[in-house]
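Chain naming follows the written order as A, B, C and D, and within any one chain the residues start at number 1.
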């Protein structure tokens, strides 16, 4: 079975230090993959390399068997490779609804001509996007807040909105950067249910997270990196019993 | 500003009609040339300020607007005087010249953000100003270019006085204003808002920031070109000192004072700032100080400009009405 | 065609001009580094510094060095007050701060124009006389300016490197939120930095007063130079300001001597546009995120 | 919710109160400002010049001179034309030394205040900017800008009260050359603007006629403060004279100071533009020996009396430009009294036909036919001054 997203011996240097070193792995379509590792292991760097915020120093990134490492972030999004941000970045001064609408307009731009001529086709387009926005908000349980400003939302809701915006581009692979950082157990539970729901709708998930229990309970398959290298890959149980992983973590924090 | 007011469409149209009627009948009330002169300048400044507004809309603060203003003026002067083109041709040509300049410049500098962009555009403006002074053969040096003709418009003839010019400026202004109005309400307007509020999120959801900023920069420059051309044919005399970076600052101030993130802002700004010196006439000694203080006070108490007062008022009324209404029900 | 004498003269003029620019840029870049504020009013503090010195010397016949010290303090205090009253309430709103700085610049200039008029004045130089060699001649007061600039740089370096204030400044410049968490009174540091920056401008004014002339609009040109220097060296970077100042000084001196004043003027702007295209963050600037 | 309302209300009140305050503030200013429609017994004279910014002191000097002339007339009981007597009222507007404000001011003077006579402006740019408005409204302009473009046959309503270097250079340089036969070579340092270039173009032939060799011409950007690099280059040519040309008094001072500092021992000459007070103040005693063009002799009794009146009225020293506008003002008022008419065409024709007029400094001759195509240019008597121990000393008077 071929990979939907494949990272082939990718490296990235910042000046002297090597943040990501000859890293390779693949993700099968429809799976939920966890990407873990101690602080400064290079998780976020890898994440940004895949989404295109940072260019790779060397190596390939294949998305559906076409190499994307030269593409701009927005181009990768168009292909179906969406992300959320670790520190929730939103359009703070706009309504929740507007936030999602922007995501939809960005990923499914209307035909300029149809707008200028103001034909029915644009009206249809508009209605379609508005319906879609409502669906998405309903999906992440934010419909009640659709008219409040993003900056006034509770933390958990902001994370959810971030996910909704990410989903607005109807991605094939959805990458979440520490989705439950700083959340209590209950909120964490809601998010992991949400992620499962997304996965069930056929979206492949790659999640970077510190919270072990969360990752272990959520992911079928886990990749562990340390010092920019992949040190282990496998099911939660395998990972938990992997000596390298344990040593890597014992060095930094306990599992 | 993609929020929609709850006025009914036909009411809107009537409202608009009345406003247009007023605008077009202003010269008919027998104003002296002086007032017409002021009005014409207000319109020209409003056009230029609107040009800057669309650039601000993408979150880029440009201090090079006077540079485009200059290129537009000198361009139009040359097209009519040297090449003997008709006015309208020169108007469009100079506008497009600015546009082309913006496309080239934009590719080079639009990747810069915040203060870096401000400073680089500042440098660009200074450079253009120096060139205008020193390329004497092209720009006429410090005393600039004299003898620019009144505009000649086909089917209407020569626009040879300030009252007629008012109509010309008004038409151009309305075209610019409503084009921007449409653009701001369009998906592209939504894109610009996205870029301004968070460029990283916008690009992470599929917007191409560079492209959007470049288009906005291009449109802004084209508008500046129109304003420049009008200015050249209104004063019929241009000199480098009309295009210092302080002029760019003025357009910026018009936007800020009026309210940068509403299309009405720059217009109100031009309306307030253009005649301001006339009020300060008697206080020649203090005018500069007063001007500075007004600016400081604005930043302190009305950072979102005059428009924000109306908006706050509007929202306030709406809120209270709804609230009292709900109270009624319960 | 470049004779030895011209060359020496170029180098010496470059050094003097360079030290002027360094002094101007130092405070400007400090203020930006800490407050993230492009201080359009910096030139005016430079002007005030010069005039305060002038009045202390001509009206109260105070010793020149004492006058410099006093005007440094006075302007520093003024800056302190202005920061508290004007910029503190606008904290974090970059555009509003920028515009207020513009307003401040306009206001100060207007006030001074009313107060001292637009005539030119000059401060009697503390040292006169010329050192003449067969290949070049060099006014003593310029040696003195270069020397004092070096002294100021040294003091400033010590302040930044070894004092608590310096540590606080560096911490805030690096990351104000982190500094906040470490319990550094960030707001006070802001105010302090602004005052310090203004004092540096004042020193520049007081030093340059005797060499050039004093008038209300002297700030404009000086600010322009400061702009060029900091863009060149990188916004907020102290070593950048020093290097940038020297580069501009020597460059202008060479161009003006060999090709004439106009090309020298162009040189500055050409240089920064070139630099910003190659290295937007300037020679020493932190790359922007 | 209610707290939200309250918040909004507060914010709203805050902003509106400020807005209202601001508007009222500006309005009061506006109302206080004179929207004078004036009585029929008042003859309004317009005045445009830089009353703020770097040109301010010149502008105020000109204005003072004009107002003193007006005072004379009003003290005499006004200006009698036909059987109505007019009191002279000077309306002065600031042009910030720039074009658009000048045009705006001219438009206001012409169409709002309905003046028929305008004195000023000072700057070339302002001059060219207002010409169109004044000419088309047949408003007489008595200007003070140095550009050659200011006067020509197509501007029948524009006159120039101040002689330019076109008139002065040659006789002045001739005098200096005669007084100092040792001076053989010169370098000219000018600001890189219109006035600089024109003055330079007039001085060059002057030196040629006087047999002094021109070694180099140097232009510098306005706002330059460090002239040492440029001077270094020029001194390498070993000139006897440095001609300061159209440099401002301030710049002249700096140039003198810095040239002496790098060892220039020769002669300084300033032909373009009056005023050396600032230069002396800036350069100090090294300015001694400087030859300069002076439109007046401050020690001459009548002039001194005028300067004292100025000092009393405005408690600031009168500057040389004031004298031209005092003389010019009187010239106009006398002409009006003579022709007994306010029709600008009549006055213009009369001025063109009268070859000269007399002022406190002597005889002013109308000339300029060969340069501009009409006699709208005043050739005034002027002085060659020299700085001696920081004092201005008049060496000679040169009559047109």
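Simple rule for what comes next: a contact is a pair of C-beta atoms (placed from the backbone, for glycine too) under 8 Å apart; a residue touches a chain by one contact, two chains touch by 3 or more.
Quick caveat, the model's predicted, so the values are computed rather than measured.
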item	value
Given chain B and chain C, the chains that contact each of them	D
Identity of the chain that, by mean CA position, is farthest from chain D	A
A-B or C-D - the one linked by more C-beta pairs in contact	C-D
Rounded Å distance, chain C centre to chain D centre (Cα mean)	35
Inter-chain centre distance, chain A versus chain D - centres from mean C-alpha coordinates, in Å	71
Gap in Å, rounded to a whole number, between the CA centres of chain C and chain A	48
Whole-Å gap between the CA centroids of chain A and chain B	41
Where chain B touches two or more other chains, by residue	130, 134, 285, 287-288, 290, 294
Sites on chain D at which at least two other chains make contact	52, 192, 221
Multi-partner residues of chain C (each touching 2 or more other chains)	113, 224, 262, 265
Pairwise chain contacts, counting only pairs that touch as defined	A-B, B-C, B-D, C-D
Contact footprint of chain B on chain C as seen in their complex	32, 36, 38, 86, 89-90, 93-100, 102-111, 113-114, 224, 227-228, 231, 235, 262, 265-266, 269-270, 272-273, 276-277, 280-281, 288
Chain D contact footprint on chain C (complex, rising order)	3, 5-6, 9-10, 13, 16-17, 20, 113, 117-122, 124, 130, 132, 137-139, 141-142, 208, 212-213, 215, 217-218, 220-221, 224, 252-253, 256-258, 260-262, 264-265
Sites on chain A touched by chain B in the complex	51, 53, 72-74, 77-78, 82-83, 85, 89-94, 98, 101-103, 105-107, 109-110, 112, 115, 165-166, 168-169
Residue ranges of chain B in contact with chain A within the complex	2, 186-187, 190-191, 193-194, 197-198, 200-209
Chain C-touching residues of chain B, taken from the complex the two chains share	61, 108-109, 111-116, 118-120, 122-124, 126-127, 130, 134, 249, 252-253, 256, 285-296, 298-300, 303
